[in-house]
Structures are given as structure tokens and as C-alpha cells.
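Questions regarding the structure given below will be posed in turn.
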Amino acid sequence: MTTEPVPSPPKKVRNFALLSNRAGAAFLTPAGLLVSVFVIVPFFWVIFVSFTNRTLLGRTALNPEFVGLANYFSLFDPATFFQRGQFGFSLILTTQFVLASALLGQALLGLLLAWLIQTVPPWVKRITETFVIAAWILPEVVIGFAWFAFLDRDQGTLNMLLEGFGLPPGDFLLQQPFWVIVVFNTWRGAAFSMMLFNSAFSSIPPSYFQAADVAGASSWQKFRDIGLPLIRGHIVTDLILITMWTFNTFTPFLLTNGGPSYRTELVSIYNYRVAFQDFQFGKGAAVGVIMMLINLAFALVYLSIGRKKKVR
Amino acid sequence: MKNRMRALALGLIGATSVAIPAFAVDLNVTCRCVIGGVNSGTAQWIQESVIPAFEAAHPDVKVTLNQFGGEDAQLTQQLALDFSTGAGPDVSAFDGFLIPSFVEGGLLKSLDEVAGPEVNDWSGWAALSEGSRSLMEYQGKFYGIPLGTDVRMIHTRKDILAEAGIDADNWQPKSWEEVLDAARAIKKIKPDSFPIQLNAGVAMGEATTMQGYWLALLGTGEKVTDDNGKFVVSSQGILDTLNLYKTIYVDEALGDQRAQLLADGRNRSFANFRDGVTALLFEGDYFYRSVTPEGSEFAVPNRDEVMGWVKVPAQEPGKGIRGQDFVTISGGTGFVINPATDAPKEAWAFLSFMNEPEMQNAFQAIQPRITARKDIEIPNSPFLTATSQALLPLTTARPNNPNYNAVSSEIQRMTEAVVSGELSPEEAMAQYKAAVTALVGAENTVSLL
Amino acid sequence: MASVEFKNVTKSFGEFKAVADVSFDIGDGEFVCLLGPSGCGKTTSLRMMAGLETPTSGQIFIGGQEVTHLHPKDRNIAMVFQDYALYPHMNLADNIAYPLKVRGEAVAARHGRAKEVADVLKIGHLMDRLPSQISGGQQQRTSLARALVYPAKVYLFDEPLSNLDAKLRLEARGFLNHLQRDMGMTAVYVTHDQAEAMALATRIAVMDHGHIVQFASPIEIYRRPATTFVANFVGNPPMNLVEAEGAQVDGKLALKAEGLTIAGLAMTDAIGKALATSNKLTLGVRPEHLGIAQTGAANTITAPLFANENMGPESLVTLDRGDSARVTARIFTDDHLDLSQVVTLGFSAEHVHLFDSTGKRIPALGE
Amino acid sequence: MKLTIPAFVGRIAFSALAALIGAIFALPLLWFLFAPFNARAELGLALPDPWTLNNFVTVFGNSYAVQALWNSFIQAAGGVILVGAAATLAAYALSRSSIPGKSAVTYILLLFSSVVSGSAAMVPIFLIISAAGLMDTHIAVILTFAGGLLPTAMFILRDFIDSIPKSYEESAMVAGASPVQAFFDVALPVIRPGIVVVVVWAFVNIWGSFLIPFILLRSDSNMPASVAIYSFYSEAGTPIVTLLAAYSLIYSLPVIALYLFVSWKFGFRFFGGIKA
């Protein structure tokens, strides 16, 4: 067999891929169109409007002016920044909220649950899972009302229980509104972390744990030395998503309306108030842009942590 | 391929958005009213009286009522968005105080601009009282027809006042101190009660400003704006008002602090009155008309016996606005026409039709109220007759200012800061000053201290 | 069946050259094994034949036709994957018949053909099962059946037996060998297991760092490994390699290393040339060519005993020459070897392999 | 395997802890199990007295509320089909093609979507829908949700597809399948568990959401249940507890049923884990 060396014309070598670039582009088109119209266009609209003083009502509705960074300056005005009901207060509140309810609450509780249900009998696993997931999937108006009834000072289930245990009842929505929304958001969102970590754990070959069993490792040691390191990628995914979701969540509004006295006014609620109650689109847009930058910072931090550890 | 996509897209849009007109003209009417729900009387009136009668008179017009069940602020949102894009109902219920900001935003046009000069020939204009006409007026032009107006007073529980040794039938406080003294007397015999309800806080929205803050502030001789239309951002009147709040809610617990702070606080305050926890409640005639009648949720048992009303006193006699001894404030709602309506003539026909005496009397039969028209009697309602006669001469209106809505939000924040005990009146006023100055510009504010 | 040819094929992943300027020719009906450690470029080469990777430069021909940039589906090849890649949602019949389905054959015809092949592979009774419901060995045969169900020009195997246990692997290897004889198919088979390569291949291409080090028949590779790398890779246990200093003494080659006693080896021109560059030579002796010998005898290695493993028909005797340099002998004896602390292993001069300082084989006389 | 005593105690403790957490999660929802059947329900937890189904009869008598459930279904189903299909295609392309910059795309979109999920973007979305003449239509809600949920759906699904061996499609192509055949015959069925997760997630999101339909819809006949539920508030705006509870229960059942069905049929599985 001989083959004449055919001098093939110098063409650009395109590496084989399961999906050619052309097919890939076709596959991306539907999502691309939808995302362009409903995400990218609004995104740039928001950025643009954040540099104007556009409002819905009043003189600046018809003739908004370009005001440069004025909206941003007003958000970061040091004279009012930390006052309740102002941007800075919301920002700090939201940061605490994310730390407490997403990182400490949802992620840790989800991790704990995922670890627990690896070993418990199937019926315990099933019941626990169902309730945890119910909290996640029920419609928010229903959930909002359920918690409202649950926390009612005079009749609520929680105070009924507390009194049953001989504890003093509390006026939680007024006295500890921040902790109410922290607990609420942990309750609402733990399911996602639980499911993600659950599937992460079950993707680890059982032999790894059996080997540790033989070596006499305790449950905690197995968790720390085997489970945790092997699901690092999942943890990064989980943290990115739940941080972002918690940072942007609006659901606590249904429980507290952002009050009392703005004590639960998260940035998303602040943003809603500025844009949709005060109708100051320009300023609301500036809030939206800052929120995105913070989300970006979060994502970069997680990704760099995830990467660094992998290299080591 | 491209053409096929376009055809598909057009098909989708067409299939979902094109309604087949069965009548020559379709009119949509929106109000925050639901039969059996919010403002049931209004909904019932439009659906059962106005629409059949109008359609009988105009057989080529089909009128549909959209019953909006959400909150006032939500309807404002929807109307603002819709009007800004040329969409929305042809005729809509509308709160008068929003007219300036809508007009300035280009979202409303005067009636004659929308429907033509024949608007000015309508016979009903002459029948409207001067005061009520101004509710839907801005810079000398009419943007809608007012439906009715209201007045504000202190609703009393005579049974409880009597228990505290007060001659309830003849009691009319002449100063804030007398109101407070009565509350203290009640608190003494009923330590768990919260005798006074003077609205405060963010959750109640405009009800805080109108039924609470204004009623107190007018008693100090001041208004939210001065005579030149500039917002007053620091004054003795504001301080006195805030101190009154502080006395009631913080220092002496004469009012239910929780009800001011919780999201459903307004209903809690109504329930307090129903349950005899509160005996002196600052509200409009709405409270009598719509909140407490028999069969409604906050119906006061044996209402005619136990419920009374008194005028809101000034801080001291003669210290009120215009030197009055007593003060009150009125607002009002009406209906406007969408500037982008497809059927301006028919919309105007409907709007004026619903304000003809015949229709107004039908409304009165369903739910008596203080009407805008002078030629409509208040049937068989001693309460409305008495209050309107006593209070309409004393009344004040909110400033016709496009920034009023935003400033009102700041007022609500200011009261909440005081009522919750977080800020002193001085601090709260300083915060208010800063916020309002940022909103309207220093040149539009004035400090009286 | 068809031939396969690589012409100066290079594949780079960024800076890394997985396959570096490789050329070879596989004849029609040959069964070629690509053998080497992981990362040597053997799987990449196979995937380039399949069309699953595109060469950075060079050309690939199948049956004389250039296929360098041809889509896999247009090459008419068959491939068995390391992880079998059985479709979890299809039963065995559909899995095996899938290549026929995409070729447009009717359901009845393709299921009939699938059953034939499955019967040959002894999985015909499992056609309704899902892949998750059968054993690993059965899965392996299913993936084989899917490759055999249609006539391909070339059959490609990517470590198809590596997920099987030892016994099943031997069985499957025998079957593949039989199949190859039966069908006379052109096959390219990637493995890191030299025994598999030796057993199956008509020719073996030993690869290292993207290069083909030696491409020859199994017996040639066994008898005349081209480099120390090949020598060390082929054979079980691999060839013993002893680094030594060489010198020409009295027209003979003398080698000096710790514990090594060697009579002068015949000097050749090739050895002379190697010595001219460097006196560092490597002596190679296969374990099966070593036997117990008298201490001090010629052609022996003496060192402390490290291990003595009795394997049944043979014993593996390992000496430790220090610095982890070990020498292993395969000694065929039914008797239990009772060895003392220091052991001497002997070999005959004809079994000596010599490599120069770069690791290249120095041809023996007559090669 | 025989358990040692400490291990046995450990397992009991684990089970007890898991059950306790489950119970705590159930607490706020308990009320919904009783109140709908109680003729005189209030905010407090109480056994139904008297026990009744009348609340449901009343709720089903409210044609607006019943229609709203159907509207919710249309919007959720439409949105889910669009999100599921578009996200699957896109995530597959992002995972399997070598389009330049594809690894950055999902992160960037995710960040964009975090802006857009805020209320700030409601205005441009309103303007877009209005300009397209789609106000007050189901399709407006469906498209808006699809666009908003897609970035996250693509993110989750791409992670999932990345974790699936490429040898499935490779073997299909070597066997003679075109990329499109390999996608539909082999890849799609294998990705299905991931699609199910995304579909359930998207369904739950659309089914429960209030703001977008509220802003894009006008007529009662198009409003979903999340808006219609407010028709069970009294004239004064307080909840009519009995009816609200009954409606909430009916409104919640589809998502619960969906979850149970999916976890029974497919199992709820996530893959994921970012590959650096």
C-alpha cells in the first residue's frame, strides 16, 4: 500500500469537537435570544439609566438628565450612609444576612443534613428530605403567610410551643426581626445545599469510607478528611449560587415588609422601594449595578479559593 | 428560514394579543375595588348600576370593569407604567394627590386635551363644590372628575370614656392635653389598654401622613409646605408633633406601639378599637362608612350606642392652622381618562355619565358618602351629615406638588423613628431635613427654626 | 479491512506534545498494539485514527484514503471504549444494534444481526436487560458486540480489558485473539499491559513521550528491545538492567559493576563505537535467563538476597545490589529453594543485551 | 456487618438528629394541615373544630381563583418547556463544543442575571414586553421567566453535562452517528436526570412568583394563583384565614406532587462541582 503524499493546501486546522462550532452556535441560539432580550438588554438599560435621574413620575420622567455618578454618590453619601433606611445600612445588613443565613445557615445545615441522611434509615431520610424540600419549593406567598401565622405573638405556633415548654413567648417580628429573616431564609433555602451535597457525597465511591472505617476513623474524621475534600468543587458551586440567591432574595419582604423601621430592609428590598415605591429609576438602577458588582466579587473570591486548593 | 421564523413570531403574537372586537368600542375601567372585597361598594356600583345603564344608553359601547384587588401603591405602579407606554385602562379610579406627579411625568393630560373642548360644556362642573373640584385639578386644568371627598376626626368609644368617668356625650377636647388626659384616665382604669391611635410608621403608608401627622401638625398652625409651596423641614410645629407621638407611644404607652410598626398594623389598630382596647382613634369618615358597619370585619358591636366622634383639637385653642380651634384635612378620589385611550369620546361619555346625579344617587343607595356634587343628598346618615357640616368648613387639602408623594414617605419614616424610640424628635427632624433637601433641593425647602 | 498510515503526525495540547512527529504503517489485517505507560501518547494516537482528535500537523490515511479531517462517522471504523460507553437507557439489543440504526437498517434486521453477534459472545440471552443489570464482563462483551455488529475498515480498542478482573481479562484476551484469527481484522489496540500486547499483537508499537520507540513483532521486541525503556517495559518481570563501566581489555569487553563478575565479552565494532562516546554501558539479562550459580564463577551477579517468592512452577529470586538496584531471576524448579544471605546468579554470554550510554541497544554480532 | 455498640448508638443519634431537623422544618407548615379543614380557623394551631370541607367548596366557588390555578399552570408549563429546551441545547453546546470563551459565558450570564432578578430590571422588561405588544398575555410571562431563569439553568446543566463521560457521544459517532443523532439518541437520554432537576427548579420558581406576572399582566382572566390568592383578603385587607389556608393548600399541592413524582421516578440528583 502506498499513498502519495498529497500536498494538502494550507488550511486552518479546526480541532474535532463533539459539537462543531456551527452546530454549537445553533444550539446556543434559542437561549441566546431569550437571554439577550430579557437579561442582556435590561442589564445595559440598568447601567445606562443608573447615570441618569430618570423617575417614573414627576418632571424627570419625561426629560431625564445625564447626571454622571450622582446616583452613586448619593448612595454613598457619608452623611447618611449608615442611617437606617439608607443604602449603607441595607448593604451591611445584607452582608450580615448572607453570612448568617447563606454561609452559616444554608450551607452548613445543608452539609449537615446531607451527611446525616447518608447513614440514617431510608424512611427517616425520606421524611426529613420531604419536609426540607417542601420548605424550598412551596410558593413564596404561601410560605410568607405560613411564617406570619407561625410567628404571631398571640396565637402563633412558635409561642404556643415555647409556652408549652415553660419558656416565655417572644414578639419575634418586632424584637428580633433580623434573626427572624435569617432563620427564615435558612429554613427556606437549606434544601438546595442539602441536595447538592447529598449527590456529591453519594458520588464518592463507598470504598473510600470503608477504608476509613477499617482504619478506625470516627464519623467526624471521615467527614473532615474524606467527604469534605472530595466535594470541594460542589462546595464552590453551592456557595456561588446560594450567596447570589440570598444576596438578591426578596422573599423576606413578604414576612416583614422590610420593617420594622427598615431593620430588615435588605438591598433587594431597598432597591424595590427606591425603584417601585419612590419610582426613582435612576437611583434604583445604581443600586442594581452595585449589587451586581458585589455578586461578582463574591464569585471571584469563591472561584479563586476553589482553584487554589485544587492546585495544592 | 428567516421568513418562516418571522411568520412564526408574528403568529404567536397575533394569536395571543388580538382580541376579536364584538362591539364597535371597548372601554376598560379599573378601580381598586372588588365585589365582596376591597371597596366592594364602588365595584358593585360600577358593575351593577353604571355599566348596565351606560350600555343601555350607548349600545355600541362595551364596558368592562377590571377589579384590582391589590394595594393602592400597586395600582399606582401599574397605572404609571401603563400610561407611560400608552397602555392601560381607558378610565381609572385615581387618588387626587397623585395628579401633580403624574402630570409632570407626562402620564396624564387634561380632560379637554384628551376628549376635546366639549368637556368644558359638561353641566356637572357647576354642581361640584369648589373644594372638591380642586382635588382633581392642577395648574388650572381638570384631569378628572372627583367622586367624593372626606373629612377627619377622632372616633371615640363612648362606653369606655364613660367608664373612665368622662361625660362622653358632651366631651369635646379643646387641646392636645385634654385628649391625653382622657387617655391617661382610661389607661389608669385599664392598664392593658392603648387608648389613643394616632397613625405613625412606614407600614401604613399615606394613612400615617393623612390620618396621623397632618392632624397633629395642623394643630400647631403649620402645614407640610409654607404659603410659597416650599417644604418646611424644621420647625417648632414638627417638633411638637413628634413630641406628641413620643408622649403617646414611647413615654406613656398611651398607644399601641406594635400596631404602628407591624406590617398589618392598620388592621390591628382597627381591631383594637373594635375590641375596646383603643377608645380614641384618629381617622376619616371612611372608618365609619367602610370599616365599622355591621357585618364587616371590624364592626363595632352596638355601634350607634358606643361609637361617637369629636373634632380634632388644635394644640391649644386658637393655635391651629388659620388660627382655628379645631382642624381637619380632606382628600379625595375620582376617575381619570387614560391620555392614550383609543376612544376618548366614549371614555369621556362614560366618565361624565357616572357623575350624573342619577348615578351618584345610585351610589349613595349602596354606600353613603360625602359626595363631590352639591346637589346630591346624603341619605339617612346622621353621621355623615353632621361631620360634613361641622368639618368641611375647617378643612385643608394636601399641597398640589409633584414631590408630595416622596416627601410623605419621609414623613412616615420620621414618625416611625420617633415612635419606635430609636431617635429623639430632634434627631428625627434632622434626618427628615436632610432627606427632603436631597429630594427637592435646598431652594424648595424652608427652615422655621 | 484496510490499512492505516500515520505520516509525520504531531498532536500538541498547548505546549505539551502528546504525539511528536509519528509515522507508521499498519498493514491490512494486522493487529497492532500501541503499548506504553500512561501519558505516552498511545490513546491520543488511537483517538486521532478514530477522528476524535485532530492532528496538529501531519496526515492520517485509512485504506489509502486521507481521513485527517474526516468526521468519525464518515470513517467507517469501530471502536471499543475503556469505560464501554454503553447507553444506560437502551437495552442490550438496542445498544448493540445502534450502529445499524444510524445506518438506516430496519428494526427487525438490526435486532436479528445484534442477536447473532451477541450469541457468539454468549450474551444473547440478555438482550432485554439494561447495561446496569448485567455484570462487568457482560458489559465488556456488549461493547465488543456493538463494535463487531457492522463491518468496519479498522477496529480500534482503547484499553478494553482494563476494567475487568484478572480472570475475566485472561478469558477476554483469549477470545479476542481467537476473533482476530477468525476474522483477520485490522485492529489497533491500546494497552499499558505488555502481556496483553504480547498475546494479541502481530506487531507492537512501543511508545514513550509521544514517540514510537520500537515498532516490531512481539518476539522481536522481546528478543531485541531497541532501548532500555523497551527492555524494561516488556517481559514479566522486566529485563534486569545493570549499569556498568565498560573498557576494552585484551580485545575483549570488560564490564565493571558492584557484584558483577563477567568474562570478557566478544568485542564488536558497535561496542567500540559506543565506548568511544562513553564508557557507561548497561548490561541487560532477562530474569528467565538467570540461574543459581557458584560464587566467583564467570558471568555472575552476586548480591544479598532480597526476596524469594515461590510461584508454583517457578521461583522469583530477587537480589538487592544497593541503591534499590535489584536483580530478579525466574528459576524453574519444583524444589523449594533454600537460599542463604548472599546469592550468586549466573547467565550465559549469548543472553546478554548491551545498551549504550543513551540507552540504545548495541547490536550483538549478526544482528 | 455487625455494628459495635458505639456505632449503633451513633446511628441512633444520627437518626434522631435527622428526624429532629425534619420536624423543625415541618413546624411552620403544620398550620396548613389543619386550618383548611377548620370552619373557624385562626392564626393559632388547633385541631379542626368543627371539621369541614366547606372552605374548599367556597374556594372552588371562586371562579377567578380557580382560573388562576390554570393560568399558573399554563405559565409554569410554558416557561418550563422553554427553559428546559433552550437550557439543554445551550448547556450541551457550552459543554461539548469548542466555541471560544465558552467557559466564561455562564459566569458572566449568571452575574448579569443577578442584576436582572432585582426589581431594577422590571422597568426595562416592562418596556420590552410593552413594545412587543405582549402586555397582558401568558406568552409575556413565559418569555420573561425563560430569559431570567436560563442563566442559572444553563449553569446547573452545564455542570451536569461536564460530569458525563464524552465517550457516550464519541462511541455513537464512531459507530456512524452524526452529531445531531448522537445528541438526540444518546446524550439527551443520559442528561435527562439533570434536565429534570432544572425543570422542577424552574417550575417551582414560576409557579410561586408574584412580581413578574403582577407587572406584566392586567386582566383577571390571566392572573396566576400567586396574585389571585389576594382575593381571599377581606375588604379591609386582612386575610380570610380559612379560605386563604384552603387555597394555599390547593395551590401548594401541584409542586409537592411534582416533587414526589420526580423523586420517585427519577430521583433528585445533582452533579456539579466546578472544574478549575
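Quick notes on this structure:
Labels A, B, C and D are assigned to the chains in the order they are written; within every chain, residues are numbered from 1.
The working rule: a residue touches a chain if its C-beta (ideal position, glycine included) is under 8 Å from a C-beta of that chain, and two chains touch if they have at least 3 such contacts.
Bear in mind the structure is a predicted one, so any value in this text is a computation, not a measurement.
Chains that touch both chain A and chain D are the following: B, C. Here the chain-to-chain distance from chain C to chain D, counted in touching steps, is 1. Each chain's centre was taken as the mean of its CA atoms, and the one lying most distant from chain A is C.
Separating the CA-averaged centres of chain B and chain D is a span of 39 Å. We define each chain's centre as the mean of its Cα atoms; on that basis chain A and chain C are separated by 53 Å.
One inter-chain figure worth recording: chain B and chain C are separated by 90 Å, centre to centre, where each centre is the mean of the chain's CA atoms. The residues of chain A that reach two or more other chains are 15, 56, 276, listed in rising order. Residues of chain C found to touch two or more other chains are 51-52, 71-72.
Residue positions 123, 127, 170, 173 of chain D are each in touch with at least two other chains. By the document's touch criterion, interfaces exist between A-B, A-C, A-D, B-D, C-D.
Against chain D, in their complex, chain B makes its touches with residues 12-13, 16-17, 34, 36-40, 66-67, 69-71, 74, 77-78, 81-82, 85, 87-88, 264, 266-267, 270, 290-291, 296-298.
Across the complex, chain C meets chain A through its residues 3, 5, 7, 25, 27-28, 51-57, 59, 61, 64, 66, 68-69, 71-72.
On the side of chain A, the complex with chain B involves touching residues 55-59, 61-62, 74, 77, 79-80, 83-85, 153, 171, 173-174, 256-257, 259-262, 276-279. Against chain C, the residues of chain A that register as touching in their complex are 1, 3, 5-6, 8, 13-16.
Taken in their complex, chain A has these residues touching chain D: 15, 17-21, 23-25, 27-28, 30-32, 34-35, 37-43, 45-46, 49, 56, 109, 112-113, 116-117, 119-121, 124-125, 127-143, 145-150, 152, 154-158, 160-161, 187, 190, 195-196, 198-200, 203, 219, 231-234, 236-238, 240-241, 244, 247-248, 250, 268, 271-272, 275-276, 281, 284-285, 287-289, 291-292, 295-296, 299, 303, 306-307, 310-311.
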